[in-house]
Structure formats: C-alpha cells, structure tokens
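Below, subunit A partners subunit B and then partners subunit C, in two separate complexes.
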Partner chain A sequence: AAEPWPENAALYQQLKEEQILLSDNASSLAVQAFLQMCNLPVRVVCRANAEYMSPSGKVPFIHVGNQVVSELGPIVQFVKAKGHSLSDGLDEVQKAEMKAYMELVNNMLLTAELYLQWCDDVTVEEITHPRYGSPYPWPLNRILSYQKQWEIRRKMKAIGWAGKSLEQVLEDVDQCCQALSQRLGTQPYFFNKQPTELDALVFGHLFTILTTQLTSDELSEKVKNYNNLVAFCRRIEQQYFEGHDKDNSSSATSRSAKRSLLR
Partner chain B sequence: VVVQHVHFDGLGRTKDDIIMYEICDVFKAKNLIDVMRKSHEAREKLLRLGIFRQVEVLIDTCQGDDALPNGLDVTFEVTELRRLTGSYNTMVGNNEGSMVLGLKFPNLFGRAEKVTFQFSYGTKETSYGLSFFKPQPGNFERNFSVNLYKVTGQFPWSSLRETDRGVSTEFNFPIWKTNHTLKWEGVWRELGCLARTASFSVREESGHSLKSSLSHAMVIDSRNSSILPRRGALLKINQELAGYTGGDVSFLKEDFEFQLNKQLLWDSVFSASLWGGMLVPIGDKPSSIADRQATYLSSFFVVFVFYLGGPTSVRGFSMYSIGPQSEGDYLGGEAYWAGGLHLYTPLPFRPGRGGFGDLFRTHFFLNAGNLCNLNYGDGPRAHLQKLAEYIRWSYGAGVVLRLGNIARLELNYCFPMGVQSGDRICDGVQFGAGIRFL
Partner chain C sequence: PPLAILQAYAKFSGAPLTVNAINNSWRAPKGEIPILISEDTAISQPAKILNYLRKQKYNADYELSAKQGADTLAYIALLEEKLLPALLHTFWVEAENYCSVTKPWFASRIPFPLSLFLPGKMSREALNRILLTRGGPPLYSLTEVEAQIYRDAKECLNLLSKRLGTSQFFFGNTPSTLDAFVFGFLAPVYKVCFPRGQLQEHLKQLPNLCRFCDDILSCYFRLTVSGHSPAGQDTVDANLQKLTQLVNKESNLIEKMDDNLRKSPQHPPRKLTTLKLAAGGEESSPLNRLSP
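What follows is the complex of A and B.
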C-alpha cells in the first residue's frame, strides 16, 4: 500500500546560480526528474553547505518526513518502499539491462564530468575553483576547493583515469552517447512507453551537459551529434518541467537556447 | 650592611638583561634580614620565568680588595633547563579524559621565550597545538603568545562532531590588581553529524565556517586556590566580537563568571557563584552552535559556555541537556544565567585527617539556572522575563575530591527541580570531573 508522501518534502542542493557544479547539477536534475515522473512533488532548497549536510557527502539529498536519503540509487529504493516505482512493469531481463545502462552512465558520463571539472586545468581555474568556493570567505574558499580537487584527483588515480587526456575522455563520452543512442532508437523512452529511473538519470546528465556553458563546447557537441538524444531531452523537459518553473533548475525558456547553469 | 656584588653561576644561554631586572631589588637591601628576604623574592622571581630548574642562594661576606667591612656578596647558583624537555600528562577536562604528550623548548633565545608543542590523544578525539610565548623582559606578567592548533571533539548531547583549526595571538598584561588579555583568533570550523540519527537542525549546521574575532578578557582573582578555595573572590568578564576582521561569522558575545568564598566556623567554607552570558548575532544570519563554545587551548578542551546542565553546571541534569533542543539534540542558547550556593565541610568524623583525608570535602549545594534563545524583535525586558520563568534548579549533597591544583572530582546525590519538558535529568547519583564547576 502506498504511504502518503508528505507535503513538505524537500530536495537539497548547492546554490544554483553561483556555486553548483556540472556533475552535482546533473545528479540533482536526475533525482528531480525521477520524482516528477513518479508524481511526487518536492521543493528544491538551495544551501551552500548541502554537500556537508548530506549523510553520504553527495548531493542531492531529500528530506522526507523524518528521513534523509541521498543519491539517486538509495532514493529509488526509498521511494519504492513507500509504494511508488517506475520499473515495476519491467521483467527481470529488462531490469538487469536498466541497471547495466545506469552503471554505464555513472561510470562513464559522471566520471567524465568530474574529470573535466577537476582535472582539466583550464576548467578548474576558470570555472570550478571560483564556483566551488564562492560562498566562503578568503582563505576558506581556496582551502576547500584545493581539498576537494585533491580528493577527486586521488579517486581518478584509483580508477585509472588520471593518465587519460581530455581527448580520450571526450572519446569515452562519445562512446557512451553512442550506446545510449542505439538503445533508445526511435522510442520515446528507453523502455518504450513508460519512463524509468534510467530515463531520469540519462536526462539529468545529458540535459545538463547540453545547457551548461563551459570553457569550450566540445562536451556538448559530443551529445549533440546524436539527434535522438537531444530530442529525448527536449521531450522530457517539455513533459515534466514545463509549467513548474519556480522550483526547478530548467525553465520554459526556448528549448534551443543555451541556459547557463555554469557561469 | 650593603650588597656589593651579586654573582651568577650556571648561566648559559640566558641573556644578562632579563636576569638584571629580577635581581635589582637585592641591591637595595639595608640589613641582613632584608638581604635574605629580597634574595628569596629574587629567587621566586627567577623560578617563575620558567627557565631554571633550580636556583640556590648563597650569602657571604665580601672578599677582595674593594671589600667594605659590611659588604656582602650574594651568589645565585642556577641550573638552566635543558634545551628540549618532554612531558606526559593525563588531563581531565569537563567529563573527558586524555593523554597529553608535550615537547617544550624553554628559554629558546635566552630571554625566557618558550615554544611548546602539545599532542593530546583523548577519549573522544585527538588534538594538537604549537605555541610561541614571549614575556617582556623585566615584566613577566606582560607577555604575548602565538598559537596554531587543531582541536577536535565529539559532543553526543548535540550529536555533533567538530574540528577547529585555528591561529591566535594574545597579549596579557596586568593593570593594578586585574589581569587583561587581548586576543585575535582566526578559526576554520568544521561541523558534522555524529550519527545518522542526528536531528535535522544539527544537520543544517554541518559544513565549514571561518571565524575571525577580537576578544578581551579581564580576570580578578584573589582566591587562595582555584580548586576548592577557602577564601577570596574571582571575577572574570569576557567579550568577543567576531566578523569585523574577516570570516563569515558575525556576533558579539559577553559572558562573566563570579565566585565568592568565605571561611566559616569549624573548617567549613561557604561559596557562592554566578555565571551569565549573552550571544548576539550581528546581521541576518542566526548564530551557530559553534558560536556557543569556547576553546581552552592549554587543555585542548572545548567548553560549552552557552549550554546548561550537567555535573559541572546545574547538577542533577544530564550533561548540557537543558533548554532548546530538537529531536533530542541540545542546541544551547543565546542567553543564560546560572548560580550556585555551596557549603563545604570536612568529611564526617574526619578520617585520614592531616593526610589523604584532607583532599576530600563534603559538599551541600543549591544550583539554579536558565537558558533561552534571543528573539530579535523582543526588547530586553521580554528576554529578562524569559530567563526568569521556568527556572531549573536542584539541590543535593556529595563528596568532592581535589586533584592537585588542577581538577576536581565530585560524587553527588541530586534532586533536580523545575524540570521542563525536553530536559534530561540525572536524579540520584551523579559523578563529575572537571576544572570549571558551577
């Protein structure tokens, strides 16, 4: 039986205009899309310390009733326990496939976003450092961004991405988009008629990549190469985000206009 | 008599000028008793510099060609401390214990400068600090020090963990009978939840902040001891202004501590104490939990000034568990007062008299206090009214043990009263260990 979803459910992320980075914005948008698809209203609250408030250290997290849950995976589980699910109609094979594609997005797209933000020197200096430390006074802003950079670079080394060049990373992004594009084909959603958490996740990342202004357009160009993916993003934006401008990170501005989510 | 020469044996790296200041009075002595007294005083002054392990005084008649018939020679035989000394202490703070390892470089450049490095491994977390101390030659009570530190702590009453990394510089100087301290402090504070079950109010405070503050403290202390004094009074007034020298935390903090002790018949002592304070945030951001504390660097303990309750505060209540709280996590307040009346007597039938038994005292107490948040909008009258209603108080009796000149242990039987919903009490037997008791 479905448990009632409280009125004051809130989703926490960093400050939209000045602080949030590409990867966190993508993750937040994915969760927002997922909750919209489940028809569970949630208001977006922006806090400078959202990352530290989160129990796992990652944004976004939702505060529902007395509970605090962070990241898409656990949120999907949490919502399922409350009786709402998007992937109930899938059979075992499809579920496994969905999990595999979600892993692909997390391991490829998300990691590529992190690489670009924290390991590409130009992006780090012009975009990441100023944004990440913006809510804090000197010298705390410097200390926190360097600390985070060191942490991410260590993670990159652990997974073997430290040696990659920017071109290689963009190649990986291209391959990932190709796989997604092939799976999507001409269908409206990845599993035909109904959206699932995979659609929410892919939308979150691709839409953010398309609408974020970075130091160069290379990343968004890789996604733009695949028309069905761009159409997919537009479709989801129209269906789930238009008419809810106040709280969501995308708005009903012209679909082809670039909305700067970074800078 | 007249003192013709003062000799020093055993000076190594110590510079002459600071020695001269401490012994100049010896030359003014007019008779033998005076010489002995002034030499003794000079010896005390030399020892308090913290640069000599031993100072011995020899007084002899003057020899030599220019000797007067009533001339005297005073010789100070000193042993300087080694260049590097280590120490190991266990410290008992306010209900926490820790092992403190220290490295000290006394008398670094010859004028009683001191560099200390301390590392504390505690029941809760570890902390360390480096400090440089320099007194003014001739005026040891006027000194300045620069400190660098990292103090971490876990505070289960608020489900909070905190790491403070900071730098501070302070000037101490006496004015007449009072001691003043001016300090600038810059701290990077990191707050986090101690458990998954922390309340959302505490979760909202997680994260980083930078405090840059100027503070001034005045202390007048005429007590004969800081632990279980028999007579004298203490008045400490402290104010801190944060936000005008950088950082993102802005507040004005005032707090005071007053204690009066009077010896009565039959070796008993009556003691009265009063604490109070106010924390006013400046600007539109509300005050943070971290603003309600003070860090004692010498012992690496974080003291919860704007919290109430516990064996070192209003007894009979659980540690810091009075007042504003959220889901069981206590958040402290922005204004408080607390008072205590105590009667200390020797143990009944005086066991171990003249020896070990003298460290123990029986203790009857009456404690009271209140804590609230400031409602910006209400005037001072409304706040005074808030502090006067719903007063928590308690009474009881117990035994106090004095640990050297540093700490005190108490075992009391308490009756908490005036308990409000949300407070956590500890009625019955309560144990407390610490330095600063109400």
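What follows is the complex of A and C.
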C-alpha cells in the first residue's frame, strides 16, 4: 500500500447539525485532528447512513483510494503504512505510555459519553432520541433509536457501568481529566514538542465535550476545571483548524466554549 | 485477578488484612466477591476497596508524583482493555481449559448446589463480555475475535515489559497500586498451568515480567517459587495445594514485611480492627466476579 495519499480522500460521519451525537462527534474530530497533524488533506462528508456504511459499524471512517478504514486505531495504522506517522520519534517506553493513555481515554471518556447519551434518561429523551433517527421518517426513527439504545445498554451492563449513577460517571470523568491534566503539565503536547495521535484523541473528546450543549453543564464543567486542558484544546484548534475551508469545527467556534451543536 | 490485586496492594501498603475463604457466594451482597469487611461496612469491587484502603491511610502511592499517579490510571485502563478479555477467555471460555482446570477448581471451592450452575454462569458472562466489547464487525466469527484478543493481550504484555525495563517495580524501588494491578493480572497467567496456555507461553518469553511476579511472590507472599509441575491431574493438585497455602496465611506476615513498605509520614500505621477480606475461593483463583 505504498500509493501516495490521494487528493480526494474523504471522511464520513453523520449529519452534523441534526444527527450526530456527542461520542461520534468526538471520535470524528479526533480523526480529523490526526489527519491535519499529519498534513493529509481530507474532506468531511456527512451522510445519514454513515454508521451503516462503515466496515466496523462505527464512525468515522475514511475512504482513501479504494480502501475504507474506520476508527482511529486502524486509521493510524493505515496512515503509517503509507509512510506517515506522528509517533515514530518516541522511544519504546513512550509508545507504551501513549497507548496506555489512549486506552484510558477510550475506557473512561468515551464510555462516559456513551453512558450519558444512552443511559441517562433525561438526555436520552431530550437529545439522543430526537437526534439519532432524525433523518428518517417515523416509525423508523424510533425503531433505530431504541435498537441502538438497547445495544449500548447491553454493553454497559457487560462492563459493569450499568449500575453506575450519573454522579459516579462524572467522577470518573473528573478522575480521567485529572490524570490527563497531570500528564500534560505545562507542555504544549503530551510528548512535549510534537503532537501525536494521543493529542488528537484527547482533543477530539475534550473539545467536543466543551462545545456541546447538553441538558446540563456538568460534563463540560468537569473539563473546565483544568485550565491546561482547555488551553490545550484552544491551541490545537487554532493551529490545525482555523483558516481552513473545511466543513468542521472551524473558526465559527472561535474562542468561546459554548457552541450549540444541538437544537 | 481482583483478589490477587487487593492482596498485593494490602501487602504493599501495610494494611493488616486477613483473607477469609468464604465458600458461600450467596452471602456476599449482590453476589460480588471479594468483599472487604471492616467494622460494619462491607465494600465490594476492587476499585472501591482500594479507595477505602487509601482513605484509611493505607496508601502505597504516597511517594508517587502526580504524573506517576496519572500513568497508573492509564496503565490500568490498558490492562482492562487489552489483557482482561484474553485472560477471561483463557480461564472461562476456552473449552479445554475451562473443563479441565477452571470449572473443577472453582466448583470444589463452593458448596453444592451453587457449584452446579455458578461456574457455568460465570463462563457465559465472560463470553458475553468478550463478544459485546470486542466482537462485532469486521470480526464475524468467534475464532476471529479470539485471534484478535490474544494479539492484543500479547501486545499488552510486550508493552508492560518495555515499560518495566530493568527496574524492580514500575515506579522505582517500591511497589505501588500499579504493581498490585499488574501482579493481580499476571500472577494467574503465570502460575496456573492450562492445557491451552498461549498467554503463559508468551509471558515466559518476557523474563522481566516473570521476575517481577516471582519477586512479589517471594517477598510478599512467602512462597517459594516452584518449577513447572507435570501436566495433568498433578498440575491441578499442585496448584490447589499452593493456593491453599496462600489462603491459610495469617496476618502476622504483615509484621515481617520489608521496611520498604510505605507508611504515610503523618499517619502512623494503625493497629486497629483487622480488616477482613472475604473471598470466595483461594487467592489467585480465576475471576470471581467481573468488576471493572
């Protein structure tokens, strides 16, 4: 797979304004950030059925040449096979650390986002259900929505999160942010001068949490408690997303934290 | 693993802990073992138990920097995501292992009629967990999922080995929570001989991790590290015997522990109510309950 990166590479996600949910938006933004950091152009295409087009059922996925790859992990591998990598300069111990922190984000932040979206009744009623099936007519929208909810709840139960209360989940988020904040310290990126896929992943999640309007502000407040994390997000936003003609979180979001993604 | 983690942590931090092998899983509130019983509070789930121990000032992490504390969380997440599925699979799902080692072992420790269905239940739950979290497209068959989780587990072991390097413990010369967790995950893999033990074979190729387990076992658990037992029924007996020894340990082992053990400077160790750790089975028995 030594073909060069084509000009027409595309990244697929759900509809931005009406449909996409917090967790998917975070994942998509992480991939976009990663590709930007690698200097690989990609255009964002929004499709209502992005989830179903994806080879693994998860968004985002990229369509490059005649290959389709989904999720950050495999995309990082794919990009590496094409000769671009952000983590080549790290030694073995740092690579191990990077992988561990990426798991931490997936384990805690992503799961917390999924919990909030699908297991917290208020959020489910007011935000998730209306958004998730919005491109489809009734009753399909309700059916798809319930089906997904059931699937996520099963998963939560299997890993033991179903019994958690919202406070506990928020506490976990806080713990995770604290760990990230401590690890970042005063450096510009997690591994000092150069961003890596970890920075992209953390940015994707934290920025989304900070800028998504939910039924309450508790989640974003947890992140805001850590100044270096907020500064980190702003820095990456300015460096990689402003001044680009892209259909994503560009300068429209500007300096302030709140941008309403949702109705 | 949860039980091994907690015992290791207790040893590292100097908490006086007695292991009581209760062979009645019904009594545990909500059926979750291990449980910490201190005075009249009962706490289940390893993470909560660790928090409780910390609040009671048994803290093995006092000298860790903030960054090291953060690293601990990250590595624990790595263990749970990448190593745990394969561990579950080796113990509870892989048919030969389950039938010849795990099930008889577990069933012999719990009373009839629980022994009839509890192992089966745990096996199903393990498979469920693996499939729900790791199955799904593009992996369509169980064999593909299995292949993937073992690949991930081996990579995880490699990463741990690289991180440990030549140090004695993960953060210098004294053990901490992370060491307890890693030990808790690795010890069962290292010590229990399964007919299909690809994880163990892989682990044996990483000498610093083996040395890490041996060190902890010999320093903190007063076990002589024995060599391989012959395969077959003898293996099971030898393992059972070794584990029974562990279970019968008294809490006076604490006094004989290394001076290296961390005691919080402002809070002298409390010689108070002995904390009883109730466990359903022996110490490094296969997963008693899946709690994140």
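To be clear about the criterion, the second predicted complex is superposed on the first by the 254 of 263 C-alpha atoms of A that agree within 3 Å, B and C clash if a C-alpha of one lies under 4 Å from a C-alpha of the other, contacts with A are read in each partner's own complex, and residues count from 1 in each chain.
Simple rule for what comes next: contacts are C-beta pairs under 8 Å (C-beta built on N, C-alpha and C of every residue); 3 or more make two chains touch, one makes a residue touch a chain.
Small disclaimer: the values here were computed from a predicted structure and weren't measured.
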Overlay on subunit A: subunit C relative to subunit B, clash or fit: fit
Which of subunit B and subunit C A:103 touches, first, second, both or neither: second
Touching partner for A:136 - first (subunit B), second (subunit C), both, neither: first
Touching partner for A:144 - first (subunit B), second (subunit C), both, neither: first
Where the C-alpha centre of subunit A sits as vertex, the angle toward subunit B and subunit C in the overlay (nearest 10 degrees): 100
Touching partner for A:183 - first (subunit B), second (subunit C), both, neither: second
Touched partner set for A:55, first subunit B, second subunit C, both or neither: both
Contacts of A:92 with subunit B and subunit C, given as first, second, both or neither: second
Subunit B or subunit C, by number of subunit A residues touched: C
Partner chain in contact with A:63 - subunit B first, subunit C second, else both or neither: first
Minimum distance between Cα atoms of subunit B and subunit C in the superposition (Å): 8
Shared subunit A contacts, counted only where both subunit B and subunit C touch the same residue: 55
In the complex, subunit B residues that touch subunit A: 188, 191-193, 196, 200, 203-204, 206-210, 246-248
Residue ranges of subunit C in contact with subunit A within the complex: 66-67, 69-71, 73-75, 77-78, 80-82, 125, 128-129, 132-133, 136-138, 159-160, 162-163, 165, 290-292
Parts of subunit A lying in touch with subunit B, wherever the complex brings them together: 47-49, 51-53, 55, 63, 68, 136-140, 143-144
Subunit C contact footprint on subunit A (complex, rising order): 55-57, 92-93, 95-97, 99-101, 103-104, 106-108, 154-155, 158-161, 175-176, 178-183, 185
